[in-house]
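All chains are identified by letter, namely A, B and C, in their written order; residue positions are counted from 1 within each chain.
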């Protein structure tokens, strides 16, 4: 006699908690063959607003943590991802209609990308910073530091977990906090990833995950004055130029859409940093 | 007699050999513009200096086409070493003609000759020297091997440091292998046109640098031109915002250096005399026409009265007047429009209840002038505490603890620069860590160097100028 | 380091006014440690910027004459003789024999044993420079090193005063200062001040030489300046001229800032004397500018500002001749004394 399964309710991940959408809305997530998989929360603009508040609240603590600590916390996530490897593979197979080997490859690549980014936590400053030989009696040092709250439209196709990891990890490794809109059609691995984050040492609010319609939510994030940067990686199908125009109202840093899934790169880390140059007088007497 | 009324010591203008009118510098030659010409005047006398050609959309096309041709046929084919040699030549020519350029700058802009002579022009030469050396070392810029230039750069610069901003733009662009169309500000085109003559002396290949003059619409046409690959703008946040919107979706790489409302934080353990100098230099350097000016003084409450007292005494020794007099500390406001804006915001400050004090000084009958002014009892919500005045006007606020100083300093949509004054190194570094601003000066202010990246957080813009970062802004790859 | 015990210090009235009647090594130390720090880079930049003032035509003429009026014309050689001092005095009285409009210097500055020769040579011209006379200043207290017992220093001082010196240029004990014995330095200045007292109850003016080149840091210079004023100095002076660096513009600016702050606090004006190394008019003019823009031009009088110099005078005379004739002059047209 087969056991009756206990299905999971997929909710949003905001401020370290798993709320339903304040709107009460959900949408059906179905397999590529059209079978019902779950009711995912259909996030509203108010959920996006709450997520920005949570992200802002978490910024001081996360960006203020030592780089070594951030690296350890991120590496710990990779360990937990590895532990849930089979679950992620199942979800990818179910939502994306991927073959098992291809889903396995995606999940393994995602975990490895996460490890790669985790290692940058205490190195990107050295790679992107500079001691500057100015002509005068000054100590002068340029260092990148996190931009602040980053809104991200995750890749919408080509691998829901890998897509999410590939935009999430480079943003948070430097100390930014993030509001990410997951793949609309395949949001389940995003919520499972959130469960991993919630049980890891990442402080609540550092990562906030919204499921639902990027078309509906992205404009609110692009226009939000307390968002400092916008990653349009998965916004190719949206009116993304309008989003960029809206983001210009507060001079947000904007990365344009990418085709497919962005490969691991230091540039993606540095894109969400600000170079700060400190001058200090120096003298023996 | 009073010794402090130093006898006039004017720098001679006989070193200048200005033409009556200047054309557009396109494809290595001065040509006529198709818009209606305009006059550039001296803001200290309101007297005419020269007639300046006005580039319309057609001229912008011509200039961009010249830059494109030069990029395709000449500049992109030169070795980095040869590009560097041209830049070295330019640096030397600037040094040779330094006095002339300084006099022209003070005449056209209104800034004191001691600043154009000791700050602007030496930095111009330094900028070209610095980036000259990069031209054949791009592999070491941190962008991987053999990074590629972007193509044609459209550059629009402001009137506050006309020649220096030109250098900040042109030197890294050429070193990286781009060609340039640059538009100087409408009120300060003179030194850019003298610079065009320097390019002729340097025998720079035609079209590599094109200088077109005009007003906002010329700049707009240039920035929006479909054949430019890079946009670099220094100026107001309002215009920067408009540019960010207009280039959205075009893939043009953009650098924006915009406004600021920098906090200059003075702690009770500051080296007090140097802090007072730093406050003065922070806000009255270049008549406060500085995007990174320390326009918000945050002074610890326990020393507020003493600092203000010392500041007023010091301000009373500032000498306002003829920009060409070697003893002038405060020159002319660059334009009537700017003067009106400073007056308007100052009046608002007074109406909002802040206490206004201006240094006693005689205002010349002609020209545009504004006495160095401070406002005390300024509330954080006051417009003069939030808006960029871009003039010699300081708003003074107080704080009680370092945490409060940081919170107030960061409480602005801007984030270009900040100052910290304290004798306690660990406090300085901790506060510097917490400030959301791109340039932090500790126990100094308003220092610039070609090796040192400069640029803002938040609405002060993005991208960096200076150093390796400034080079990356003109190469493919990298983030900005 | 000395122990900061409760040992009472000499009751100098300025110090008591400011610090309180229980004047001790400890209270003095706490007071000095409460002074604002100095950022060397900023100080030097401010001095450099003051040095770029361009002083022309009428302002230059006034400046050159003022420099002469503020000079302590100095000879401090082991080889000094009464004849050398007489020659110095002659130069002080008539700096430029070709131009009777040339003002006289403020004082002649000599070793203590040469005071009688100077007094005699000056004759009726001996007097207060603010009233048109020429003073006699004597270096004392085991100048330049100051390495002698207090008794010797006091005797040195009293001797010079008795011989007719109007001004005493004493040296502080830099060793004691650097070792942190501020009280000892203080007490010695108070004692020397007392040794400046004449029989009629008046005092010879006391210039306190800090020897800033040995104090090394600007923070030390500020502390030592403040200490010297608290102990009763009428003037603070940079250097003996025997140690390099001697006077510099930044150090002088800093000392001027101290006397400005003292004036702000008490209303009392203290003099400043840069000495050693100022040889060119161009440099001296930078000092005048620095004085005028830091403490005000009312300080440019002999009882508030002096140049300790010897060769400076001839350079000023050459510049003066250039201004009056329009031609450049040469060293053969000024006297060698």
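Everything that follows uses one rule, which is that contacts are C-beta pairs under 8 Å (C-beta built on N, C-alpha and C of every residue); 3 or more make two chains touch, one makes a residue touch a chain.
Treat the numbers as computed from the prediction; the structure is a model and nothing was measured.
The chains touching subunit A as well as subunit C are B. A count of contacting C-beta pairs for B-C and for A-B identifies A-B as the more extensively joined pair. Taking the mean of each chain's C-alpha atoms as its centre, the chain lying closest to the overall protein C-alpha centroid is B. Greatest centre-to-centre distance from subunit A is found for C, with centres as Cα means. With each centre defined as the average position of its C-alpha atoms, the distance from subunit A to subunit C rounds to 69 Å. With centres set at the average Cα position, the gap from subunit B to subunit C is 44 Å.
The distance from the centre of subunit A to the centre of subunit B, each centre being the mean of the chain's C-alpha atoms, comes to 37 Å.
Residue positions 138, 281 of subunit A are each in touch with at least two other chains.
Across the assembly, subunit C contributes residues 39, 41-42 that each touch 2 or more other chains. Among the residues of subunit B, those touching two or more other chains are numbered 443-444. For subunit A in complex with subunit C, the touching residues are 137-138, 281-285.
Subunit A makes touch with subunit B in their complex at residues 127-128, 130, 132-136, 138, 140, 142, 147-148, 228, 240-241, 244-245, 247-251, 253-254, 256, 267, 270-271, 273-281.
Contact residues of subunit B toward subunit C in the complex are 1-9, 114, 118, 269-274, 277-278, 317, 326-327, 423, 443-444. Across the complex, subunit C meets subunit B through its residues 36-39, 41-43, 45-46, 52-60, 62-63, 66, 254, 257, 288, 292-293, 297, 300. Residue ranges on subunit B touching subunit A, taken from their complex, read 126, 142, 237, 240-241, 244-245, 248-249, 251, 256, 258, 413, 415, 425, 428-429, 432, 435-444, 447, 449, 451-455, 457-462, 464, 467-469, 477-480.
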